[in-house]
Structure formats: structure tokens, C-alpha cells
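Dumping the structure here so I can ask a few things about it.
Letters A, B, C and D name the chains as they come in the text, with residue numbers starting at 1 for each one.
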Amino acid sequence: MIIVMKKGASDAQLAEVKKRISELGYQSHVIHGETRNVVGAVGDERGKEILQSLEVLPGVENVVPILKPFKLASREIRAEPSCFELAPGVMIGGDALVVMAGPCAVESEEQLLSAAIAVKAAGATVLRGGAFKPRSSPYSFQGLEEEGLKLLDRVRSVTGLPIVTEVVNPRDVELVGRYADIMQVGARNVQNFALLKMLGQLGKPVLLKRGMSTTIQEFLMSAEYILSEGNQRVVLCERGIRTFETATRNTLDISAVPVLKELSHLPVIIDPSHATGHASLVAPMSYAAVAAGADGLIIEVHPHPELASCDGPQSLRPEDFALVMAKLREYAVVAGRKL
Amino acid sequence: MIIVMKKGASDAQLAEVKKRISELGYQSHVIHGETRNVVGAVGDERGKEILQSLEVLPGVENVVPILKPFKLASREIRAEPSCFELAPGVMIGGDALVVMAGPCAVESEEQLLSAAIAVKAAGATVLRGGAFKPRSSPYSFQGLEEEGLKLLDRVRSVTGLPIVTEVVNPRDVELVGRYADIMQVGARNVQNFALLKMLGQLGKPVLLKRGMSTTIQEFLMSAEYILSEGNQRVVLCERGIRTFETATRNTLDISAVPVLKELSHLPVIIDPSHATGHASLVAPMSYAAVAAGADGLIIEVHPHPELASCDGPQSLRPEDFALVMAKLREYAVVAGRKL
Amino acid sequence: MIIVMKKGASDAQLAEVKKRISELGYQSHVIHGETRNVVGAVGDERGKEILQSLEVLPGVENVVPILKPFKLASREIRAEPSCFELAPGVMIGGDALVVMAGPCAVESEEQLLSAAIAVKAAGATVLRGGAFKPRSSPYSFQGLEEEGLKLLDRVRSVTGLPIVTEVVNPRDVELVGRYADIMQVGARNVQNFALLKMLGQLGKPVLLKRGMSTTIQEFLMSAEYILSEGNQRVVLCERGIRTFETATRNTLDISAVPVLKELSHLPVIIDPSHATGHASLVAPMSYAAVAAGADGLIIEVHPHPELASCDGPQSLRPEDFALVMAKLREYAVVAGRKL
Amino acid sequence: MIIVMKKGASDAQLAEVKKRISELGYQSHVIHGETRNVVGAVGDERGKEILQSLEVLPGVENVVPILKPFKLASREIRAEPSCFELAPGVMIGGDALVVMAGPCAVESEEQLLSAAIAVKAAGATVLRGGAFKPRSSPYSFQGLEEEGLKLLDRVRSVTGLPIVTEVVNPRDVELVGRYADIMQVGARNVQNFALLKMLGQLGKPVLLKRGMSTTIQEFLMSAEYILSEGNQRVVLCERGIRTFETATRNTLDISAVPVLKELSHLPVIIDPSHATGHASLVAPMSYAAVAAGADGLIIEVHPHPELASCDGPQSLRPEDFALVMAKLREYAVVAGRKL
């Protein structure tokens, strides 16, 4: 932390700041500038947040943090990218790209099975499908809940595809954990810390989606909640952030891929469906994601988008998904990856 | 819903859209424009979201919703402002402004009692204090949990001030409900729908904070989750939204007060502490809130902000809070309110 | 500037950073931390931006500016609020609030005169009206240009109200300067530096509107362009920033008032009309502005909003404006101001 | 335009709306809904904006535009992508990708020539370099102005590379036009309509950068200003928008590429340097841009980024630029383009 003193702050005010820093267990180093002094506080970084409160002392202009508050997620702890198993035979973070695909919501066995067979044929290695749907409106379809989980289980046994599905309530972690291979945390729950802690304890791989207005730093702090409970298998997913632009459902922050990879060893995937909200934009954003260095994608595919109970406008038809996968394979080669 | 056809869309495409609208249970009305046609879908408004999926049909340019999706929260259901009891003797939504005040986090009995006595003396009628603290970092102070609730209970019995405190986990609703007079939903949980439903069932008054990137419409939909479970006592709280500006912690969207009051009958309060992040900005934003028509305020007050375990920079000292309250009384008179 | 070294940066990398700082004319002070070192650069603040480029040196993690880059606009140069004359008899920045009012665009003599008489009767002391209109669409009404300026002049001679009107092209500064008492810079031109410099040289009072996505710091830097040319009469105007919220045309950042007043000595006014985009929100936001400490307001008033060539939805009818002014007088008293 | 009536609006109010629509030269079509009526206004689309003012009429809830206000820039006018000459031998919008590269600011002949030789060798076909620099601070380097233009001219004659350079003042259009092959409009001037009109008249190709908070629709309206003056050679450039995220200088809205290409026939390029602000992010964002369908790139290259007078942190060294170009060639092949 750097404590910036006001121009003209008195010696007594400076001394008080130094005394407080010392009381909080840190050492202070003063830099005497031309128009004002700044004080660096040196010591264990984890608790430094408490120093922020020094801002209220007389003579202090502001307090500037200079370090990242995440540890276990950072490259400083682990210089090499993490590569781990999502399900038997499905590794993420290594050479092979992982494409997860399927409908937004599980609607029926027929719908889910049809989607699963199609996405598997096209090369997807994980099936997505929501059984618990967090919806803005209480009057919208809320998901089939446990019945949906059972359908996912049945389709997994038919197709062999492992399952990623969302859990929204800490109470349901155990239930969803009985069915899912990968536990998904949706954008709205990225700071649902009770949920994150339980997933840290559960130990199954977690697909953590960035929230609509979550900064990169906050996103990694949310991952840190899971990691600090002992679960190292966290996949970060950029799915668009909220901005002033309304031409797309969200704004896909594709630079988050290299930024996250510079700061963290965790694998990063992209959700072009929620990011854009329009099926016609899914292909170009998928290609861009791979070119930017993403470790995978999660894409919505529905046998009949015009009948989808949710997110129809952003769902690909199976035949279009197959075309995207074929082109993705070419991009993967240039990116030095396999698909 | 208005379905806008592309310029040059064929008659067959238009016919297909009309057929789908009809299958979904709505009537279609076509307006033939100079360069394109638009189709209005008429019928029960609640389920209209499903019409959005028609966007994927050939010849459709886009689908434009024209109605608000909330019902119970709206002025159309209830033209008069809601006025209800938060705790015995404390009404909100009527003539009297409600000021809730106290520390960000419950830290100790001494700290809480000292704050409570001071804010009561200055005219606050509800005590705030967090026992469960959702923190961005797993290494930050997470709150005293049930011990904190017990301290709140004890201080309530000494001072007589009813208590508002946050619940972050659906699992804790029953526990927090045993202690709190008013259940607070924090900004990060504004779309934690499982939590909202449980609070709808619990029936205690709910203080619902707007999320950092929640639109006015989504905010009212979250209120709708509580209302539709049968709990009509929801207080909306604007606490700043996330924007590009970094001079303040968030950007206080004070125009949300009159906007919410035009759309909804629910009472609206302002949290100037979290909105601004700086103690020096709390007074002017409190005055502005009352002038804009807010029904109350929730303000952070700490006996020693420089020692606060969280949010020190935005906490008022008791003596400064008293000055704010004195001035607020003058503004309340002009606004036609009492304090 | 604080140059933060990477964890594990070598001594040679640190030495290189120190050498570069020295070559650029600054002194370096190293703070040796537990996990990394930081280097403070001390010296004349104005040119420090150049130090930002040190970020590309090996071993440097990032470069953190700790000082504000504006000087003449700051409280450090002038501790007391600036108070100056906008036109004979109209002071801003002192006890008296200044309300500027009138139509968005000058449309006809009848329209302008009718508006001017009404706003004067209600207590406005400056007449607003656009002759050059920057419009998003080339197909929208672009203003009456010089003919509009002549109408403003004529109405000024009838009513005695001084005139604020916008200049959008550096080429027109001299022309507009012949007619206007106060030169307005619109939101789209807040970083039109050529225009700002010319207005700095012209010397007439300038009403500088904040841009849609201008930070407080950038806003003050734009003021600095005018001040550094020798013109000290700059009025800052907050008129709403662009955010994700669409319920209002922009989001009025009312906390910008006390923030600007802490950082700068310049007067600050609010434009509730452009900020909200809806006439029904103008009254509450005007009251809030005064309560927050604004030095004045600029409000759109049109004799027939439903016929306005631009911004009809946000224009007040004269009779509504009179009611707003009456109430504003009461708020002004509480705020310690006159109107 | 769709005029949405309030629930319970009277027949007289509906009649008044219909009368006004008729007076403005449009036909009205009423759809009678279950809870409210909506009125469609049919007629020439260009002037429809005026209908927005009907929002102030009693009984009107809001007015919803359903059409895009741009014409000449749209795919409806021209279904095929525009392909045109930027300079002799340099086409944009066709098979060949165009890479523009060079320093942010022209600093000296040595610097510019060194950069130009390097970027040409690596495959760039246009040289960029700023002579007029719009800077947030009046104390920052403002560019060499005409001297810079002359240096650009000299380096062009040596290397044969055509020049793109920024014009910031309408007054300088003629001057810059004497030297530049392509006239650049910077992000801050995207709504400097006087400048846009003059560039429309000048007729040289225009590189139009999106502003920091310009919507896609506003961006195309700015292009429309140039097109409607008769100049059809407009290149759109996405260079990052302003959001809450601070890890990057701006947020690169890469989905703007396919969105713009769906709506418009104009070529679209990406500026990964300004978008990200960090040299290490330029390569992945360049690859992503090509994969997303961009027609080209504009990249900052400086022989000595650590000495750059501006934007050093985001400038590539020549050797790194050459590596990026080599990889871009591989991506171009997959994207069906040449480089």
C-alpha cells in the first residue's frame, strides 16, 4: 500500500500515519517528494486491506493499493498453466481444446438426447444443459430441477459425454454433485461466496463464470475462494460483461483471455452464446476466442432454437454447430492446439 | 412484443411468423410499413418472453419487447405508494423518513453499543450492522456470524432500536430471521433467486439492495420474486452502480429514486456510504437523496473509522452523523417529510 | 509515479529502472518490500506521464500514478471557490444560485421569446438556446446557425437575459463570441482540444459540459486546457454519463458535484434535462442538485414540448418550470444559497 | 416508431396521438392489446425522430424506435461489402487484409524512418504516425504538427508506404489533406460533425475510429455524415470502448466486427494497441480480430517503446511486430484472406 499525504500535510500528521502503520504490524518507508510525501507500508500482503482505513486520518489524500490481492490463483504461486482432468479422458489446460455444448435448459429427454448426439458427433467432449435456471423473472421457466439432472444422467449413459450443469443454491450442491461431472457457477453467483466455499470443499471441477460487472481482479478473487478450500480444479469462463452497448446481449471481453493467462495459471474458456445473444455471432466469436488463446468454449446448441424455452435467439442449430467445429479445427492448428 | 421483419422479407416468412405466434397462444396484428412490416403479438403478457425466440426465424430482423415484465411491483397493480411497518412504531413509505445507521460490520459489543447509542441520539430509528459479510477476498474479515447476531440482539434490547442485517445464504434465512427485524439482501445477491424466494416465504420486511450492474427493470423483477411469494414488505435500496468512473467507489444513480417511484409503489431508500465510498461525500448525497424523494437512508457510522475492520473510509464518526441528521431535518421539511 | 517491480526481478533490472528515471530528470527512491520492490520517482510533476513508458522495461510489473495531473483547476492552486461574473449582474460561485433555462434549439423568434419571457418571470437569470446543434444523425435538424444567434441577440435585447449558446467548431468561435455572453462546450466536444484552446484565448466565460464517458480527472484536464490559455472563467457542468442503465437517457452522476468541489475551485452546475431525458425527472434532480451543493442548473424549457424540433421529451412547460423554481427557492435556503 | 399507450389511457388520448401522427405526415395503425394499445407510425423513415416528442402527450407511456436511422452505411442500400482503394495498390474490403503500422506520434525523422522500414519489411502496407496529437493533458506532448506531416511525406517517398494520419481540427483538413493518403478521425472526434462533413467533402479515404462510448448505431450515424456528403470511402475502426474494467486501457469490443458487418457494407479494422494499452496483448487481439472477420489492423510499432513520447506501454518493438505478422499470415489463410 502507498499512503499519499496531502500537499502541506504536517509532520505530526505524517508521524501519526507512520504510528498507525506500525501498530497494524507493517513497516513504513517515507518518500519525500517535491510537493508531498508518500509512505509505503511493507509487510505481509494478505491483510493489507486494513490499511485502506488510514484514508480517514488527517493529512492523508488517498491510499493506493499496488499489489494484487489473489495468491493461489496467481502465476507467482504457479508459473506453469494448470492442466487437469474434467472427467475421465477430458483434460483442460493442455494442448487439447475443450468444447462444451448443448441446450441452455434441459427441456425433455428427446430434446437433450438429440442435442447430445449432435454435439458429440461434431466433436464436443462435454454436454451442457441447465436443470436449475436462474431467471430474471419469476414468471419465466425455472428449469426441471432434479428431473433435469436425471435426464442429464440418462443422456450421459447413452452418449458417454460428461456433464456440466449449474448449481445456484448452496443447499443443492450435494444434489447436483451426485449427477454433474463439472459444477457450473453462473454469472449471477460469481460472488455467492457461500456457494464458492462449498464447491471448494466438494472437490469436483468447477466452471466459474465471470459476472456481468466483475473485474478481472474480483473474478480471480472468486476463484481464490474455491482454491483456498483445497479444490484446485477451477476453469474460468468469460461470458461477456455489461456495458452501454445494446447491439449485443453483453460485450464479450475477449482480451480477458490473455489478461487472465498473464495473471493466473488457471484455464480460461469463452461462452460466445451468452456473450453475444445472437446465433449469427457465435461462429466469429468462437474463432476469435481460440485465436486469442482460450482453452475451450461453451456453446449453446438446440435442435429447434425457435421453440427453446430460453435463449433461443443465441442457440445454434446442430448443423451450424458442426460447421463451426470444422472451422475451429483449422484455427486450433494455427493456435498450436488440438480439437 | 413487436416482431420487426427484414426489408424484403417474403410473404411466406411473414406467414410463418404469424403461424408461430398463433401456436404460442397469441394473436398477431401486422402493420404494413413503407420499407418493412412489423407484427404485434397480443395476449397474456406474462409469458411473452417466449416470443423472443422468433428472432431466429428467416425474415425476422429483431423482436422488440414493449412492456415491463413486472406486475406486483408495478403502479398498475397498486397506484398508491406502499406504506408499511418495518418494526413496531417504525413505518416506511409514509410521511416519516427512515434513517438506518450503524457500523458496516459488527465487531464487538462495545463498538456496536457505542454506535447504536450515538445513532439513536441523533435520530436514527433502525440499527444496521453486518454479522455475515460477503467479502471479495477470502482473506478479509468475514463477520462474526451468529455471535454477531447475538450482539445485535443484545444491543437492541438495550437501545430499543430494531435491527437490519444481511443474510447471504439461503441456509441462514431461518437463523438470521430469528434475530433480525429487517432482512437485508446485499448487492451481490440481488439475483440470488433462491434467497429471494425464501425471504418471500419468511414474511419479514426485506431491504433489497440493487446490484452493481442491475438495471431498474431487473431490480423490480427481483422484488417481484419476493412479492410473488406473498411478502409485500419490500424496501428498494439504491447503493450505487458500477461505471467507468473511479473517483467514487460506485456511481450513485440518484435518478433511480423518481424512476422507481414512477414505476413502482414500493418505498425507496439510498445508501450514500457504499455508493460513494468516502465519508466526505455522505452528507451531500444524503441531502440529495431526500430532495430527490427518497423514503429513507442507510448510513454507515463507526465510533472509530480508522480502526474499522471494513469500509472505514466511508464511515461517519458519530459527531458527524449528528450534524448530517440535523441538516437532513431541514431538507425533510422542504420535501414535505418528517424526520 | 510508483514503479512496481515484479516479484523476483533482478538487481540489474532494478538498476536499469533507476538509471532510466535519472535520465528522465527524476530521482528514484526504492522501497524494498517483502515480495517485491517498488520505486518512487520524485521531481516535477507535470512531465511525469513520460515515466509511464518504463512499464515496458524487463522486470517492471506496472507503473502507478499517484498524483492528479491537473494544476490550475485544483484546490492546491486556489483553496477558495472561484466566484466570477458570467454577465453584468450575474455572478456564479457565490451565494446566489444561477439558473439557465430555455429551449434546446432556437426554432423561431416566437418560440424563443415566449420561452425567454417565461423563464425570466420564473427567476432564471440566463437564457439558453442552441443555434448550432450537434446531432447524431445528419438527417436531424441541425440548428438555425447564425440566424439563430441573431434571434438570441434580439431576445436578449427585449428581455435583458444574457445568453449561453453552444459552439461546436473552432472556426465559429469568433462568430458565436460576437453574440454569446457565455460560450457553451457540449458533451461531445469536451476533448475537442483545439476548440478549448481557442475559448481559452477568447476570454469569455465558458460552460464546459462533461462528456458521456469523461472521468472526473479528464474533465478537469479539459478545463485545464482553457485555464492554461489564461481564461479563468470556466463553469463545469455535469449532464449525465453513459452507463448500462436505459431507464434514463444518461445516468446523472450527482456525486460529481461534491467530488469536483473537493478537487477544484471551479463552480459546478447540473443539467437535469439531458441527464434524465424525461421531463418528469427534471424537478427531483434539480432539487437534488441544489442539495448536493451545485452552484446552479441549466434546464430545458419549451412553450410546446410536443412540437419541439429536438429533445421534446425532456423539456419542461413554462408553468412546470415556474413550479420547480418556487420549490428550488426553498431548497436553496436550506443549502445556504439564494435564488 | 411504436407509440405505447398507458394502461387505461382514454379514447380521447389515443385520438390525440393519432391526430399528431397524421399532422407530422405519418399514418397510424393501432393494435388493441389486452391491457393497452400501441400505435405504429408508418411513413418515410428519415424524419421519424420527431415522433419521439409524442412521449410528452397525456396517455403515452413511451415511444419505441424500431428502425435503424442510418441509410447509406447500411446493407439495405448495398448488400455486398464495399471494397475500395486506400492508396494506389492498396485495396481494403476485399481478400487482402490491410495492416497499418507505425509509431503513435511522429517524433523525428530517424524514429519514423526506422519504424517505417521495419513495418514495411514485416508486411505492413500503410504507415501510421500522428502529427497532431489530441492529449488529455495540455502539459503532454502535442505532436510536431506540420513538421510531422513533412516527415511523413519524406518517409513515404523513401519507403513508398502510403500514410494514415489524424486530423483533429476542421481548420486543418486542407493542410493534412495535402500530405495524408488516408485521413484519420480519432475516437474523441467521432461526433465532431463539422470535421466529418468536411472529410465527406474532401473525398480522401477516411479511417473513422469509434469513440470510447459510442454505440454501434451512433458509430454508423457518424459514418453516415461522411457518406451523405458524397465520400464513400469510409473505414470503420473499433479501438476499445470504455467500461468498468481497468486491467486493459479500454475493452476491445471484438464482436463489433461481425455486428458492423451484418449492419453495414463498410470495411472494419481493429486497433489492438489503443484497445488494450499493453504490448503483450497486441498479438492475441490481432489474431482474434482476423479470426472474427476484420478487414485489417492498425498497430503501434516504435523502435524504442521505452523512450516513446506517448503510448510506449502499448507499442510493439519491430522484431515483435514481425513475429505477429508471420502468425497473422497463418490466421489469414484460415479466415480465407491474404496478407
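The working rule: a contact is a pair of C-beta atoms (placed from the backbone, for glycine too) under 8 Å apart; a residue touches a chain by one contact, two chains touch by 3 or more.
Since this is a predicted model, take the numbers as computed values, not measurements.
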**OP:** Select the chain at the greatest separation from chain D, using centres from the mean of Cα atoms.
**Re:** B
**OP:** Any chance you could check whether B-D or A-D wins on number of contacting C-beta pairs?
**Re:** A-D
Subject >> Between chain D and chain C, distance of the C-alpha-averaged centres to the nearest whole Å >> reply: 26
**OP:** Would you kindly tell me how far, in whole Å, the mean C-alpha position of chain D lies from that of chain B?
**Re:** 38
Original post:
How big is the gap, in whole Å, between where the Cα atoms of chain A centre and where those of chain D centre?
Top reply: 30
**OP:** Find every residue in chain D that makes contact with two or more other chains and list them.
**Re:** 213, 242-244, 246
Subject >> Of chain B, residues touching chain D in the complex >> reply: 2, 4, 7, 29, 31-36, 38, 40, 42-45, 64, 66-67, 76, 242-244, 246
**OP:** Over in the complex, which chain A residues touch chain B? Could you list them?
**Re:** 20, 46-47, 49-50, 52-57, 63, 69-70, 134-140, 168-171, 188-189, 191-194, 211-213, 218, 221-222, 224-225, 228, 242, 278-279, 305-309, 312-313, 315
Original post:
What part of chain B is in contact with chain C in the complex they form?
Top reply: 213, 215-217, 241, 243-248, 251-259, 262, 275-276, 280-281, 284-285, 287-293, 327, 330-331, 334-335
